[in-house]
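Shared between the two complexes below is chain A, which has chain B as its partner in the first and chain C in the second.
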Partner chain A sequence: MASPLEQFEIKTIIPIEIGGVDISFTNSSLMMAITVLIGGGVVALAASRGAIVPGRFQSIAEMLYEFIAGLIRETIGAEGRRYFPIIFTLFMFILIGNMLGMIPYSFTFTSHIIVTFVMAFTVFIGVTVLGFARHGLHFFSFFIPPGAPLYMWPLLIPIEIISYLSRPISLSVRLFANMLAGHTMLKVIAGFVFALGALAGWLPLLLITALTGLEILIAFLQAYVFAILTCLYIKDALELH
Partner chain B sequence: MPQLDPATYASQVFWLVVSFVVLALILWRIALPRISNTLENRQQRIDSDIARAEEIAAEADGVLSAYEEELAKARSNAQEELHKAAEAVMAEAEQHYASLTEKLAADSDAAHQRIDGARTEAIAGISGMVEDIARQAVERLVDTSPEPASVSSAVNAALEGRT
Partner chain C sequence: MSEPNGHEPLDDLNKRLKDARNRRTAEYRNENKRTPMSDFGPAIKVGTDLVAGIVVGVVIGWVLDWWLGTTPWLLLVFFLLGSAAGLTNVMRTAQRIEAEAKAARDEKRDGSGKNEAKTASRNE
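Up next is the complex of A and B:
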């Protein structure tokens, strides 16, 4: 039987090589392209009618819009409106990527650490640049916990710096590990269905059905967590404490 | 574990950046402005509808109070009209009664006069008859025809004594 990790294999569809670097169009790239198609195309089309009384698709687009708008309003405040497009894109990209991964035989590009890490690291760099642009060198005061006595600084400042630097790692590993673990678990239990056969195979089948529901919830939740943490980081950069 | 194979990293990062930027541009430039426009339009529509509804409600209140006023006025008018009509009917009835009484009185007077006339006529008739009877009686008794003048005067004297 195939390994449960086989589903994460990157398979080249169109080999492309520029300057000795392999940038082939792979199954991962295909799912990203479909994500763009669904996320951009459907949302743009659904919103294009602009009906006063929305139809089904328009309702979904508006619900997503108001969901993210509400999230930003609650975490960053009125100032967060400027970051709405980028957070909405992040959320949609991860959400659709996760959901597409739930389709059997498809591929989950968010289950690859390099993808989640690039996204998290970009957020990290962007937020840091934003912090410096907003506060200049005063941004370093972020690493001094407010109200801490002076003699605690040598201990607290390294802790704060480490915690700040570990943000992109925790952000990327959280998403990657959730996707990896969920899909691996589904695959392993699916293997049990075949191993136990017609006699007792329906037991893991029931379990896998329930777990698929859970995985869909996690697919949504991780996109939400990624978006809300990005919001919180932006808020930190804007207000320091 | 395929995730730890650095040979695929360049391709993944390249396509991630490309697709993410494309998605961001589509959403940022096309989709999100459309949605926010729609939402704004809807909010405006709702606000204006609510304002119009309030206006109409106020108008309806005005109409209702005007109607009630009109109704009260009409009711009092009707009351007055009814009163007037009743008075007119009463006056007419009284008038009828009075004229009827008058006519009855006149009729009864006329009747009285007629009765009186008839009586005097009857009496006059009687005197003629009585004169004839008296003359014939006198002729039979004394065999002479008396003077009609003296007979009538005697009869008149006798009748006058009766009445």
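Up next is the complex of A and C:
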């Protein structure tokens, strides 16, 4: 029987090497390219028509737009509109990547820590730069808990800094671990279907049907959580406390 | 039938219609809040936040120990600091959920027109 981890294997499609660095086009790159094409395609198609009574694609794109716009309005407020493009792009990329991963025999690039970490780290650096650009050196006051007495600072400031540094770790591990665990679990239970055969195999088959539904929910939820946390971090950088 | 009082039934109907509409808006808002993700999102967040704090603390302590040759003291210190940071993360999330829940309760109690309270607590 195939290993449940085989689905996460990176396979080179077009080998490319520049200056000793392996930048081959892999199955992961292929899925990302398809994700960008689908994401860009849906939005471009919707925008090109611009009908007053929206068609199918336009409805989907408008729904997604309004979902993220509402999320930003609720978390950051009016000032957040400026950050709509990055949040919408991240959300679409993760959502479509997760959903494509639900198709049997496809590849889930969000199940690789390096992919999720790059996104989380980009958000982290961006938010930190934003904080410094907005507040200058005053941004460091973010690490001082409000209302704490002076003698507690040597203890509380390192805690706050570690808490701040843990953001990209938490953000990337959450997405990666959920996708990895979910897809591994589906494969393991699928293995039981064959192992138990016609006699009792229908039981794990039922389970896997239900779990596929749950996985689709999680695929959406993880994209949503990533987007909402990006919003919260931007808000923190804008307002400090 | 009673022509001079002709306005009253209409006013009454108007009032009842308005009440019903307000009630429906409040209900709708609460229904909206009870989507699975509004509870699920923070729940997913808490676990990794706690672990991430500890991991960052341990890594910092380990690297500093390796650099300064103070094994294992800084690792121990930063493990504790990291745990505290992880708990801080969790506490912040809990406070936000609590504030949101409180806003939702207030909204439910006063019916409509409490939108400001909701956004205020979210911006806390």
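In the analysis below, the second predicted complex is superposed on the first by the 241 of 241 C-alpha atoms of A that agree within 3 Å, B and C clash if a C-alpha of one lies under 4 Å from a C-alpha of the other, contacts with A are read in each partner's own complex, and residues count from 1 in each chain.
Please note the rule applied: a residue touches a chain if its C-beta (ideal position, glycine included) is under 8 Å from a C-beta of that chain, and two chains touch if they have at least 3 such contacts.
Note that the coordinates shown come from a computational prediction; the quantities given were computed from them, not determined experimentally.
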{"item": "Chain C versus chain B on the shared chain A, clash or fit after superposition", "value": "fit"}
{"item": "Touching partner for A:I94 - first (chain B), second (chain C), both, neither", "value": "neither"}
{"item": "Partner chain in contact with A:G50 - chain B first, chain C second, else both or neither", "value": "first"}
{"item": "Residue contacts on chain A - larger count, chain B or chain C", "value": "B"}
{"item": "Touched partner set for A:S163, first chain B, second chain C, both or neither", "value": "second"}
{"item": "First (chain B), second (chain C), both or neither touched by A:R174", "value": "second"}
{"item": "Contacts of A:I86 with chain B and chain C, given as first, second, both or neither", "value": "first"}
{"item": "Which superposed partner A:A227 touches (first chain B, second chain C, both, neither)", "value": "neither"}
{"item": "Closest approach of chain C to chain B (Cα atoms, Å)", "value": "17"}
{"item": "Set intersection of chain A contacts, chain C complex versus chain B complex", "value": "none"}
{"item": "Interfacial residue positions of chain C with respect to chain A in the complex", "value": "36-37, 40-41, 44-45, 48-49, 51-53, 55-57, 60, 78, 81-82, 84-86, 88-89, 119, 122-123"}
{"item": "In the complex, chain A residues that touch chain B", "value": "5, 8-10, 16, 21-26, 28-29, 32-33, 35-36, 39-41, 43-44, 47-48, 50-52, 54, 58, 61-62, 65-66, 84-86, 88-89, 92-93, 109, 111-115, 118-119, 176, 180"}
{"item": "Complex interface listing, chain B residues touching chain A", "value": "1-5, 7-20, 22-24, 26-28, 30-32, 34-39, 41-42, 45"}
{"item": "Chain A residues within the chain C interface of the complex", "value": "74-75, 77, 158-160, 162-163, 165-167, 169-170, 173-174, 177-178, 217, 220-222, 224-225, 228-229, 235, 239"}
